[in-house]
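Across the two complexes that follow, chain A remains constant while its partner is chain B and subsequently chain C.
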Partner chain A sequence: MVELNFARVRPEAVMDLTRVPELREWGTENGRLRVGAGITYTRVIRELGDRLPGLAMASRTVGSPQIRNRGTVGGNLGTASPAGDALPPLYVSDAEVELASVEGTRRVPVAEFVKAPKRTATNPEELISAFLVPEAGGPQQYAKIGPRNAMVIAVCSLGLAVHPERKEVCACIGSAGPTPIRACEAEDFIRGVIEEEGLWESRGELAEAALGRFGELVSEAARPISDVRGTAAYRTHAVGVLARRTLGWAWNEYRGGI
Partner chain B sequence: MRLNLTVNGEQRETDGVWEGESLLYVLRERLGLPGSKNACEQGECGSCSVYLDGILVCSCLVLAGQAEGSEVVTVEAVSGDSGLHPVQEAFVEAGAVQCGFCTPGFVVATHDLLRRNPEPSEAEVREALAGNLCRCTGYEKILDAVRRAAARGEDAPR
Partner chain C sequence: MSQTTPTTPTRVGPGPTTWTPGKVGESDRRPDGVPKVTGEFEYSSDMRLDGMLWGATLRSPHPHAEIRQIDTSEAEDLPGVYAVLTHEDVPGRKVYGMEIPDQPVLAWEKVRYQGEPVAIVAADHPETARRALEKVHVEYGVLDPITDAEKAVQEDAPKLHLSGNVLRRIRILHGEGVGAAAKADVVVRGEYEVGMQDQAFLGPESGLAVPDGLGGVDLYISTQWLHIDQDQVAESLGMDPDQVRLTLSGVGGAFGGREDLSMQIHACMLALETERPVKMAYNREESFFGHVHRHPAKLRYEHGATRDGNLVYVKARLVFDGGAYASSSNAVCLNAATFACGPYEVPNAEIESHMLYTNNPPCGAMRGFGAVQACFAHEAQMDKLADELGLDPLDLRIKNALKPGDRFPFGQEVPPPAPVREILERVKVMPLPEEQEVMGRDLRGLPGGVSNVTHGEGVKRGVGYAVGFKNIGFSAGFDDYSTARVRLTVEDGEPLVEVHTAAAEVGQGLLMLQAQIARTELGVEKVSILPADTRVGSAGSTSASRQSYVTGAAVKLACEGVRERLFERAREELGEPPDGLSVEAGNVVRDGRTVVPLAELLDGDELEETCEYHHRETHPLDENGQGDVHLQYAFAAHRAVVEVDVELGLVRVVEIATAQDVGKIINPQALEGQIEGGIAQGLGLALMEEIQVKEGKVLNASFTDYLIPTILDMPTVKMEVLELADPEAPYGLKGVGEPPTIASTPAIVAALRDATGLELTRIPVRPEQLAGVSDGPPLPDEPTPGGAGYAEVGRLDGRRET
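Coming up: the complex of A and B.
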């Protein structure tokens, strides 16, 4: 719409998807949530805050009430911006994106769906119809850096999910690479530490050194550029700090029981 | 194209709407409702805030055709027959208006906040108004106005 207002685009046709009620629905399917692409951030916060706490946290950071009332998770997927706030939470929960056309529907892991900045796996005849994601089995976090508390595109961000049911911790970097990036080495490292020390069972403390190393490994996974919002060096450093902090918060929540 | 919609309770029809037009443009230029302001046309400033089917939106980000058949309430309808709405009175009393360009947007956004949350905390007020920019007042008087309006506790009529 902004592009239209500024006469940057003059599309031959536009489609109003807000009139398709199916795209606004959500429910469960084989133990996972299937959420219509047309769900707004306001509704994610209100209706799915307990089931998808990470996505709800990310949704709270989007724009303003006016923007959250109107902007959708499907639109965030379609935009495929590395700074899209809905993306890291979907990555850390291994969400799938459902694409529909007259030919039928297919489901693509979100990390394969997002190809490059503003490029997705959607074919011209396809629409994003929904995303599929398991309900949170443990604590989730989302942290975002920007010059204000609202109305900012992320300088960088981090989504994190503790998955006690599969004994994993997943972390995804936002806005510090061409696409969101899962920090696999950091994930492997922390899984090893937790397992070795039996922390899933004991719910014991995570050592400061382990949190620090986790942050370092997340920093190493970042592939940022320097732009008007921040330098590559700042982003690399900052995602490490976010990783250390969000893991600390999420692990404390796990220790306190769910 | 022809557009049919309800604006401030009145059924309106307008012809010759260009498909790429925003709801804001239609309200201001075709329906004679200049209360909603056009300042940024990119969702950043909130001056164009209206209710679309009861939901607070930036009308500059709504394609006119998307509003077909829907119900729009603009700042013009916030005040009733009995004069200013308590939110508007509070803005006047607090001196929260300087050039006034941002005021309609703030009034509608404040109206929305108080109907959702009649007793908002300071943080909730700031959060709710984060999408509205003012270049004149420095916001203190606006926050003051919101506090006054909330303290009055009058249930905002729609």
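Coming up: the complex of A and C.
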């Protein structure tokens, strides 16, 4: 819609997917959630807030109420903008994107689905039918930077998920690289720290220094550019701060809201 | 070109608005309020007419280029296209402009800014019109743009206009000037910069031109001043003004951005050429190229004071980037020079104000008009000085506050009322908002809001003060007047007053003000405001916060004329001595007793008066920048409380407290709206609003990337309103629209400095600066996706991704 409005595309035909009921459904499948691509942000917030808290937090930051009522997660995937707010939460939960065509259905990990800015692994005849994602097994966070306090495209953002069941913490940077970026070194580092100190079991505090180092490693993983929305230096700095803070909040929640 | 010209239907223009308004001093419910909220109000972009064509504009992708050739033949051949016009088709004067007619209706030989109109088309569908633009082939010889005002003054800079690159230069010498520097114990210096703000009105430029079949044209249009549009359109069409009739249609905000012409001449040219009604409506992106912006400025200051805090001298050099064409730059340059020192008693001053042509987007009128830029700098200087002297910044201001009888640096005596000290004292004693614990707060009460960036970490509070002022009405010798026609009649047995002016209601509430005055002065319940059009004399511009004063005075004058005739009638027919008569609730009364009902006295007749109100004469500045230049002065002080996440550089403005002298409150609710709206615009300039221009090209021509404050960015506003009557003005009122915008920006920046300890010399302040990560704005190489600023403005082919 955005591209149409800017007269940047003039497609031969436009298909209205809002009347395909299958795209608007969600349910469970082999222990994972299968969420139709046509689910709006408003519905994610309302219906999936406790199962997918990270995605719900991200949805809350999207546009205005009107946009959240109309815009879908499928559309966010289809756009594949590095600033797409739904993407980092899907990355940190290792979501899969389901693509359907007359040939059949295939599922692609989201990190492989998003190929480059505005480019996806979808073939021309394929439809994004759903995404599959495990229900949150631990605390999740999403934080987004914008120079105003609502209705803003991310200058940069961070999605984070604590996965006690697999003893991992995942972090994904948004809008500071050509695609969302998983901060693998930061993830490895913090997993090591938690393991070493037996924090999964003790639910003890994460040291400030560990949070700080985690933030630094996330900053190092960013590959931002400077543009009208912000400088590369600021983006690098800010994702680090967000990583440090969100991990602190999520870990505290894991510890039982201490 | 058109084979089957349909008979042009005459548009039924907007009708009168009739209601029972409040009296002067009462809140009134906007008659257009509900329709606006429910979407039923007809804005100029909503107008349509059977058989109408759509106009579109081809704009230059280059900020500076020679036009070698324009080939329209392919566009003309496109089915559905009715006209393709270029500069060759402009029937009359090929340039326009309010102060200096230097702007081409359609460019020839050269383009001087990105987005300059080069050709126009009319087609039977807006998409066809847009496609036709792709088929107009313009051969450009691209030239290096001049994009730095400081470079435009250099000797070897290419001349953008025959007159050179200096649009205006003003020098004010007051007292001994910098010669007084020796008397100063303390000197502070600073350099400040203001980015290019946009009016960001929500209703883009639009209008409908309808040929009258007799060679003339009716234009339904959003504008701020119908008659100056009429004059300019008629001049360029080569017609008498009475062949070009204008009617105001629904205006979606203005803020100065509708003072200059946009599509007015173009739509009329297309309508006359095709003999069909032609509608033109810019989209959001085009709108950014379709109107002027607030001047970016660089301001260099030096303040000297005694050890105990008395100002000794101010030296200031203000450099404004006027962009490619003159617009109202002349007056902005003058305003800035006269307000450069702020509302302080300054015994010695030397001020230079420079306005330059560049190849950047043209700049012109915007709410605050030159006072905004100067205020940001002089208020930063006052804080710096207070810091240097170890004085409280508010006390320093109070100590130096102007008062009636003092002299402005430009020689005019400060007229009463000038309650600078009073408004500062008011904001000083207003209770500060309670400081709540940051940790565990609702996200909406923290910087970043629901974006969830902080739960209290890094949040620091700051408080800042500023005071500003501005002239009301047109200055420097301009014969500033307004015309009102008032008719008292009887409808269904009830007296009714009809008010007809050409004054543009742009959302500010002038409709109500006129009706309130009519109701108050003529003692009737029902008032009808006729649509503003050029069938009545000029009302002047809806700008310079002047309409309440000038059109208010004209309406009052006409009402008084009608009332006199009424009393005359009472004397003639009833033998009532006119002394002591008044009108109330539809009756002529004396000592509270009804003498005769108006309806009976009128007996089927109507009484009508047309009056012009001209305000007191003002004078231009002489060569030393001295003169009684302005009419009225309005003052407002602001206190800002902010919370800054110092690590991320994100801000929540907690509260703005303000005190403003308005002379007389005409409509409390409308006044509140002006104060809050003005503060929102001031907040925008402080924190986010900037048109980013690189090499003469706009990088963020969209509301995706030109950010204006949302309701979640707006703080609570506490206001104290002073009513100190101006003896010269109707009801003692002062203009109120602009003062809230002027000092709110520096107050917020002062609060940011207080919270962070940073110097912050450039606005808007960006998160990068506040977080100390980098200073200055980022300079991208490519326009961002989702933003605009395409190299090919107005061309679809240039945008499609290959």
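Note that in this section the second predicted complex is superposed on the first by the 249 of 258 C-alpha atoms of A that agree within 3 Å, B and C clash if a C-alpha of one lies under 4 Å from a C-alpha of the other, contacts with A are read in each partner's own complex, and residues count from 1 in each chain.
Please note the rule applied: contacts are C-beta pairs under 8 Å (C-beta built on N, C-alpha and C of every residue); 3 or more make two chains touch, one makes a residue touch a chain.
Treat the numbers as computed from the prediction; the structure is a model and nothing was measured.
> Output check: A:Met1 vs chain B and chain C. Expected answer is one of first, second, both, neither. What do you get?
In the superposed model, A:Met1 contacts chain B only, not chain C.
> Regarding the shared-chain residue A:Arg70, is it in contact with chain B (first), chain C (second), both, or neither?
Once the two structures are laid over each other on A, A:Arg70 reaches chain B alone.
> I'd like to know which partner A:Thr18 touches here: chain B for first, chain C for second, both or neither.
first
> Residues of chain A touched by chain B versus by chain C: which partner has the larger set?
C
> Once chain A of both complexes is superposed, is A:Tyr142 in touch with chain B (first), chain C (second), both, or neither?
second
> Quick one: classify A:Arg10 as touching chain B (first), chain C (second), both or neither.
Once the two structures are laid over each other on A, A:Arg10 reaches both partners.
> In the overlay, answer first, second, both or neither for which of chain B and chain C A:Asn30 touches.
neither
> Would you sort A:Asp227 into first (chain B), second (chain C), both or neither based on which partner it touches?
In the superposition, A:Asp227 touches chain C alone.
> Do chain B and chain C land on any of the same chain A residues, and which?
On chain A, the overlap between the chain B and chain C contacts is residues 2, 6, 10, 148-151.
> Under the touch definition given earlier, write down the residues of chain A that touch chain B in their complex.
Interface residues on the chain A side: 1-2, 4-6, 10-11, 14, 16, 18, 63-67, 69-70, 148-151.
> Sort out for me which residues of chain C touch chain A in the complex.
Those in contact with chain A are residues 130, 283, 285, 444, 447-455, 457-458, 647-650, 652, 687-688, 692, 699-700, 702, 704-705, 707, 709-713, 766-768, 771, 773-774, 778-780, 782-788, 796, 799-801.
> Going by the contact rule at the top, pick out the chain B residues touching chain A in the complex.
Contact set of chain B toward chain A: 19-20, 22, 41-44, 46, 49, 55-58, 60-63, 65-66, 109, 112-113, 126-128, 130-132.
> Write out the stretch or stretches of chain A touching chain C in their complex.
2, 6-10, 57, 60-61, 81, 83, 117-118, 141-153, 155, 225-234, 237-238, 241-242, 245, 249
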